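For reference, chains read A, B, C and D in written order, and residue numbers begin at 1 within each chain.
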């Protein structure tokens, strides 16, 4: 079971333009700081957060219980001009888990409701026995020499975001999610996707976008540990310890 | 003339995996903090930064001179475990400016070169007379009711990133750039794109993606001011003060 | 047993002036961020950190084990240009605990040694049974009306720092420590100091400095919880629920 | 003329305990972040901020005008749960300047007034011609070998804070201010204090506290530059380029 927390800023849209539009550099700083702080809070407890849309962040939160979620909510309202609501659900696949987590938040009120404040709706938590997180860390082969050092910055970005778009769609068809984590790196919570399926997905995206993708996959009880294992897998591929496009490390 | 600074972390890829892969939550925090801090530094001087790929950030930097750039570089190496190189160029269109800014950095060495450290290569700066920044702030009509509050978080993200992908490509064909700035918001440095062209671009993306886009456009000597004007334009459209999909405010 | 972690930046003095002196606003930002981040890391795990001298910080760390300390060290070197060493010790009184924690660090090398890097020397950890943290939250009666709103900012600071100086000395005589936590607030890890002793200490400092002090005291297994209880005690005194200068809440 | 900005958090005391006391690690993080951010904002504009009491911060702000102050205020309320008021004054000595700056804030309402919000009262600004900032950077001779590496952390702190207390009082008698900036370092805005007076002040504090102090002094139109020059002076004394306890660099 993978446990997902959907984090949504309460009534954020209206706040950004009340009384008038707030300066964009201030909003960008606010959003990046909020993301960084949530990453610290979940990270210190073994989880990992993806910024997703910045006002709707998605955390893999196996091992983080109700009390922890409350403390995180409080630590945000004690330091930010905004509050956050959270929905939590544990399911077999990331796509199902985020779906139920979203419903949990929606049940608490709309994203632009003035009345919703710091809702915490938990559908379910992964327990120690059934907790399982599979994360794939995907990157583009040799992007520095093929793109970054020879193309314009924006031309490289076009490719990187095109790949993101394709990965997001393809992985979702198999129950996985995908997030951009900077550079040419993507992370995919991917419980239930087999090594073979992942190989096929990467190949499909390769063909559509003209790059070559590879992936390290980590499987563990804890999100942070799964990400670490995924990194190690990717490192071994980079070091040519395998010529497979996918390498899995499982400590379960 | 729009002035663009391309900011690139020196030798970042190798650093993230030396001696072994560093914990992903730490890297995510580092990247989001770096982005937030660069936003503060450029923002305090009238500029604006887009995170782009986090290790390659793009700033609109009209009004920010060589000495300021040096101070920003120093303030980063004084507080971070990494250093940044920068390329700067002023051109008629954002696409040209970023192209030359990239070449300026590439001239200083590769993104994964061990020898490159804090290069600052300035091709040209916009001067007070010819400085001009046009920024479009684009968003999706009524996303809260059509997506956020009714679809799953990830389904909404699929649409938002699909729109991003299309906007990135379409605007670039006309010399503009496009960046995601959170929620359902995009910012496009767009010098040289007429109101009519922008209307057509939005319509084209609408048709491809199934959403309805609108844009406030700001034109000013300073990036921060142009973004403020764009926000005001968008606000007026939201308030139904016009039924056009594009509204331009120009203080030049 | 109170568990104290002494955190020391490695070779910080020399770093601040190499190759030449680094800009003071950068160093001040670095130090305040480092403090804030350590507060988050220890805080997320139930602890609390005092900035002390900024390059030598003191944490009450009951409940935080070796693995946590290692993760905190790593998260700092992954995001900062400096590294930290730590010494840890659990003792009956805060003064003894910090003494042994200091020796643990000193054993690892000098504060300006080039060779010392990320030492973690643990003398002892408080276990679940014998863990006990007593924290006094002390403040100045009605400082807003007697000082802040009528005297100059610096004249008020003179009093606040004078009180700090006296509290630091007096509490230490009884085995306690004292730290300034902003405004007119002080926190004293004070295991072993009785209510009566504390009353006498406050009276003595009152007489020397001309202010009137009061204190809420919290006793718990966890530092964060002890601080919360101390806050509640102070609130009750402020609300005139008692006319004693000291109020103790003990959840052990 | 030295220009001082007194920054005060609006109604902070009541906020920290409403509805109940907020968690101390959260407040400590909030305060240290606020200080760090104000340091960035003033620092990017050539100024320097001292945390003073964290809820009452003192900035040397020569060269920073009304519009800048407004932008700084806005950037804080856009990212923090609190707002700040500011009083500004330029005078011959730091002690006078902070006195008038305080009165400017007090005129706007009490520190715990519910009605005061984002007051900005400017008595006067230093203009380009008469702008002058003198800053002394003072430290303790060889503290690493005499204290940090041989005494307990808290015993060292006792000395460092004792020295602070004496410096604060002595410098104030001569029109100067003094702030602790971490480690064994103090910064004193000290317009009007001669080299000889400063030598005498250091000697007096040496005798009272048992340490040996030295000071680099910088004089410039801009606060950041004055601090840089002070650092250089201190470096030269450390390098034994002089056997005087005070070295002055003046670029005016």
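The rule we apply is simple: a contact is a pair of C-beta atoms (placed from the backbone, for glycine too) under 8 Å apart; a residue touches a chain by one contact, two chains touch by 3 or more.
For clarity, every value in this text was computed on a predicted model and none was experimentally measured.
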Of A-C and A-B, pair with higher C-beta contact tally: A-B
Per Cα centroids, the chain farthest from subunit C: B
Whole-Å gap between the CA centroids of subunit A and subunit B: 22
Centroid spacing, where centroids are CA-atom means, of subunit A and subunit C in whole angstrom: 36
Touching two or more other chains - residues of subunit C: 23, 25-27, 29, 33, 40, 43, 71, 75
Complex interface listing, subunit A residues touching subunit B: 6, 8, 12-13, 17, 20-21, 23-29, 31-33, 35-36, 39-40, 42-43, 47-49, 51-56, 58, 95, 98-99, 101-103, 106, 110-112, 137, 144-145, 148-154, 156-158, 160-162, 164-165, 168-169, 172, 177, 181-184, 187, 224, 227-228, 231-232, 234-235, 238
Residues of subunit A defined as touching subunit D within the complex: 22-23, 25-27, 29-30, 33, 71, 74-75, 77-81
Parts of subunit D lying in touch with subunit B, wherever the complex brings them together: 37, 40-41, 43-45, 71, 75
